[in-house]
């Protein structure tokens, strides 16, 4: 990011020559930062309401650190997803305010607790205890993005009364994230109970014909309930990101 | 089948030289009938409790007729599955007591109404109206094999209250056959409600990622309820055959 | 549905003995209607904000008509999806106010034009002219559900300037539905431009390795933009239904 | 579970105010126990005749222990399936009466030897020595559920005389569980010999085109014998559970 | 083929200047014939012992006729496989000695009945009557290539006694071709009975999870009997061609 | 395209105020034409050296005609790929200079014969006569794009001498397009003979395990020769387009 | 095996009461040996000409040793395939005459060098050096079964001259085993050169779209040469077993 | 290679008895070198313009060293691809001028820096930082083959402005190699911007439905831009080899 250009713009804002709305709009088109191994998209926060997120898989600890160093200077929150524990250690050593969650392999750094911007509660349901890591990734992401979050675990369809006992919380949620492995039936049942949107997350919990989560994925894509859309297998992060986008006020100004 | 051998055996039974049980046992090993295009397994009724069933697909009308002609001489009931309507016409013309069911493409010929031999009711549940043909194939087969049958259609998981309304009939059944396409979630929910065995039948109802029923099949194989086993896609016949085997008294003599 | 019970309830509402909110809540638990071939879920409108939708595939014209007859008595709008033209003819003859759209194979019956209930515009983007039928299914569904809808066709990624020319309309939309076949790349590019949620619809447009839309589906599930969730192949209906759920005010009362 | 409610109920039973049947029925609807990481389904024993089974994969040793601690208070038998040896060690240390079987990775805890409730023998056949672990999982499960069990190993179809030598035991069994990897042909041959139901278990024994057991699974789903239904790959537990459900007396009271 | 070069060579053979063996060897390297739409490989007979075979699928009737016209001038036998009936009609009209077999869609033209060159009998076994067309393609091909052929149909593994009744003929064969659809188990059982080579042909008979013959193919590739090798689905022609290559005397001169 | 803007620009070029290079550059950014059902990308010719090509599948005859009408006004050549014969008829009636090729289902309209701009010959090799339609699509496309083209058909690897006979023409070509179905081995063998780039086109010729061309595709992607890259199944058009891009002079000005 | 029965039979042979042929025939039906974890098929040598082979995968070292102990008493040669090195160590310690080959993971024990019983040479061709382990498994197996074996490695199709240089040895072989990974094209080219049968072995050499050998497998199943049949991926053992069956004299007595 | 034959040839060239062109042509047919485990194709440099490349996977360090020893005597450059670090160590010890690149697992040995023979720049684009290793393999290969190379990383389609910022370099390149994992959309967007050929490399970056790179592969094969062809997953080497073949002058003499 070009600080000079930014300063000049802000000076004109201060002088009343440019309105805030105009400045915000033009800042959406600021350039990225090229650090050779990456092009950091600093204005993503302006354009999309949340900064770029670092995908930890396939990057060395050094590469993650280099990208993160630039981001902590600019952003209020930095997430690193799918980060192996051994790569996380040097990062939490360098940035003590960063917290690493080993089960969902998620690192969260933030300058301050996030303000709540979401309209309602995002309810995260997980079919089984083995889906917990995915549910946690979703919950931590949704919280980092400024949402109220509740999580209910182990309410799979083979004991439907456990699910029905949560009927009120289910019907009160603004958006629902439903994670399930094996036959992936939970999103269909939940979506049949509510009119609010349901984000279905297939998990790789299972074996044999679960095909690493493909069975659950296919089930969810074929849901006979229609207020359902699906994200990638084990993608708790993406489900929460999408749920957060849904939960944001629209139009922004009057909510 | 060798009638002479059969007659001699029966004479010895009549004379008290051979008990009925011994005769029945030895008849289990009678040869088949070779009609060049097929080896008709006439003693299947003795060995398995129900005669061979003719798979109509890939056979010409003439081939089916040739096999059927031999079977109607020997058996009390003959089923032809997956029989196209144009192949069925000459058969119903030749054997007026044969009934052809066009939706499940099933032809049933029988000498007399089947006696009830099953211990309890086989309950057939279909998730949607589009699964009706598969449910009918199952119901007709189970009836032909001597079972009491009930069918409930359109009780999919997206409106779980419709299913729960049938709780009593579901809990009373001896065996359950559950047909579902799309996400194939119904067997899991049903099996979670009962202790009796559930035969799950995936159907090819759906499109796109239903992959001709594979999505439902995978869901059923991954059911988190354990009193579930699965048959081939659209195989209402096989599900009913299996349910009937389960529903038979065991040991045979004291039921 | 039990009209007596309904009348009694309404009388008590009229008499001030029951508030409207209490009545609406209790109506959520009214039973369905059993017409043997189907269990019509009449209170789905109350529970989910939109009546049950008839899936036309695998049902005979007679079955669709039987279900539809009960629904037109109760509902303000009835949709039949994936309905072949020859099955549609008797329906439009019987219900002249029903309109059949041959390309998306969608029949829409409604008592009166739908009131707009959505918060903003649902923008439907289709990558190519061949994706038009899916886009139309989405547009007609979203309109029937009470949303303002705009459609832009043939803005695929191989000529990115065509897409960028619509930047303003894209950024103004409340929800975006993006349909694409072949490589299915359009949702990623669009979602990278906005903070609002994007529903991606893979289409079966393509040949060979498009695998009937699976290539596009996989691309969309792996989108490097995170405000994306995916529905079944060619499921324009489901995408619009989900978009409409997102576009609804929440909480209902103060929007 | 609410002990007070239970005690009150039992007191009324004792006083003759409530019959045993009524009490059993009402107990079926007792709530589950919420321990945050799981919703333990304590009344599953009442509803389904066997307690919930803990799926060990994807749970930490601590999570399994927490769930198990509550279950040993309530149940007569607890099974943990797919449990890695290192997670089993602390469990067998804490509950010395628990036995861990390393090959099938199954932990069995029980208060007392199970009473036999099955009507006949469950015969478990394994095609090869490499299928032994799956056969053991089935045998241990079926025994824990109160069945007489026999196991015969290494009777694959490439030496059909080995199988035929067991003809009598095969024909005497009440239910058959048949495990096979590679081409998965054994269930077809066995089912052709008997009228009793056969549960087929594909195993992941093989390499290359066995595709981790998919080849055997597909073979079993396409069995030309019809008294066959199939469970997930390597799911010896599920096969035995299903076999046990079949083997239970029905109706319960007069067997 | 260049007739002049051929005549000169033969003249030198006649004059004793070239031995027969030398001439045969050199003829192996004669060029092909280029007719623009095809390069007819006339010396394939010399090199491989049987002329090129015309693959009928994807060629117009005119293209087949053009290729065939050149071949009937040079060869003793011409086969056209996978030829639709409407393309066969003009060919049998033009070459009355050509016979078209509609079930296997195979056209056979030959100058004279083939001499028997095979060492023993090729036995063709088909699991079901629906596999008959594939068995016929194999039988006709093997006969055209100079083998004694026997065919036995409908001896599937669900009635193993039918198969065992043919034990002697099975053990006497020089090569076995075994066709089966559905679970494709027959080749394993047969190969376990003999030491001679078995060519397994998966057929597309079946539905649902037969996946057009893939289930049978996978089963055969995973056969636990090792004297089995596999050809493409429905490839009765290729199986017979391979069987014929096996059945040929070797070394050629002293058989 | 805006003709006024174009005229003004050309006037400035004529007046020497703008150089040709500057004008060409600015024309690259002219807008597209919006005709509601499509956004016609008129400046593609400037940007990419060849106009947009109409994909005929999934478009009605009317839609194709509407797009084509605008293009013939602007372009020198228009291609419509994958166009069914019945949709082609009204187009050739309206534009008599358009030629429809039924086997490759390709329509070619052009104002005048294309000038040769390619550096060398594009050699198209097809493994079998059944691959001819794909080879023709490639040849017609490459010719329309200004290349010298030669085609050799039926030189599959099972008679390698036929291929080796073309060694000189193979080694002389500037770019090679190699189409093959079934095992798809031809590109590997050809690429091993030359240093020039080879574009491999898998075709859907084959049956059973050819999986509609996937077998050939996979073979080509795994080629042990490295001067090979692959296009979609049956995509003769794309292969020729890519070959033409390779065959163009670079840098443009000095060739 | 029952030695008494065997001795009695041999005594009768010695006394001339039973011919050798009769004795051999009756010995084919001797029973197997049941050692609980396995049913050792001792008369397989009589029935199939070679003893049972132990599949090492999925068996513990102890299980392999138990089976092997019985076999070395009865057989002249024992093979253990797919045996991990750590399981082989105790076996070679116990039976010093056993040789373990680490690359093909094959253990060979034999009493004495095998006599040559094959009619001609089995030629094993491997496309690349990385296919060597599979080629070695084939070579060792074929030698153990009494065949003359030659091996040629690294003659892939991308340098076809390397292959053609071996034309004479290729044309002289009685049976050919051709192993190839990646695109799996070598069997097609080789089979086009000879009239003798070719056993194709796909290997898992490759990455990405080689899909663990599936690409090569599919190529081989679609070979445009017809004297090819295919075995499982990496199944050098099976290929050699099949080649050996082909190479055996037939009829046995007069070769 | 036979040095005597080479010397004799060169002597005749020196004496003017043979022209350079004739000598070069004849050298194309020199034999390979047989070192038992491999047939080293020494004249590949003459035939294809670059020596054989050693595929490191599946070969022992000793095998690689043996092949490499012969090649360093003859060639100017030797590449070993997919070489594990532990196998590389002894090679770099023995040939100190060899450089091992651990991320792309590529070893490069060369006698001297490569001369630039390519016509223009090969531009390598990678969608994300995680694709860096594949991009490096491509860059190192293209450089070793005598091309000018530029690399730009982390310009994925979810932030399209980052890509558009490189428009000039993209439009200036002679050939483009575009690597992307996940949805694999980048090649379509890039190819839509240029007329030069684009080689698309799918990478295995991603998880779940990325299916190890298959999602990206399918997307690239279905690109709606036509100047794209595709190589195997993670095959940066092959992409660069193909790009280099394209970038070479043609005809060779006058560029």
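A, B, C, D, E, F, G and H are the chain letters, set down in written order, and residue numbers restart from 1 in every chain.
We take it that contacts are C-beta pairs under 8 Å (C-beta built on N, C-alpha and C of every residue); 3 or more make two chains touch, one makes a residue touch a chain.
Quick caveat: nothing in here was measured; it's all calculated off a predicted structure.
Student: Using the touch definition from the top, list the chains contacting both subunit B and subunit H.
Tutor: Common neighbours, subunit B/subunit H: A, C.
Student: Which pair in C-F, C-H or D-E has the same interface as B-C, with over half of the contact pairs matching by residue number?
Tutor: C-F
Student: What chain lies farthest away from subunit H once each centre is taken as the mean of the Cα atoms?
Tutor: Chain centre farthest from subunit H's centre: B.
Student: Taking each chain's centre as the mean of its CA atoms, which one is farthest from the centre of subunit D?
Tutor: F
Student: State, to the nearest whole Å, the distance from the C-alpha centre of subunit E to the C-alpha centre of subunit H.
Tutor: 43
Student: With centres defined as the mean C-alpha position, give me the subunit G-subunit H separation in Å.
Tutor: So the centre of subunit G lies 39 Å away from the centre of subunit H.
Student: What whole-number Å value describes the gap between the mean CA coordinates of subunit A and subunit B?
Tutor: Averaging C-alpha atoms per chain gives centres 50 Å apart.
Student: By the touch rule stated above, which residues of subunit A touch at least two different other chains?
Tutor: Where subunit A meets two or more other chains at a single residue, that happens at 128, 159, 192-193, 208-210, 214, 217, 221-222, 232.
Student: For this structure, give each pair of chains that are touching.
Tutor: A-B, A-C, A-D, A-H, B-C, B-D, B-E, C-F, C-H, D-E, D-G, E-F, E-G, F-G, F-H, G-H
Student: Would you mind writing out the residues of subunit H in touch with subunit F in their complex?
Tutor: So the residues of subunit H in touch with subunit F come to 47-50, 53, 119-120, 174, 192-197, 199, 217, 221-222, 226-232, 237-239, 241-242, 245-246, 248, 250-251.
Student: Show me the residue ranges of subunit B that touch subunit C in the complex, using the header's touch definition.
Tutor: Subunit B reaches subunit C through residues 128-133, 153-155, 159, 161-162, 165, 205, 207-210.
Student: With touch defined as at the start, can you tell me which subunit B residues reach subunit A in the complex?
Tutor: The touching residues are 127-128, 156-160, 164, 181-185, 188-189, 191-193, 206, 208-211, 214-216, 218-225.
Student: Inside the complex, what are the residues of subunit H that reach subunit G?
Tutor: Going by the criterion above, the answer is residues 29, 31-32, 36-39, 41, 44, 52, 55, 57-59, 63, 67, 82, 202, 204, 212-214, 217, 232-235.
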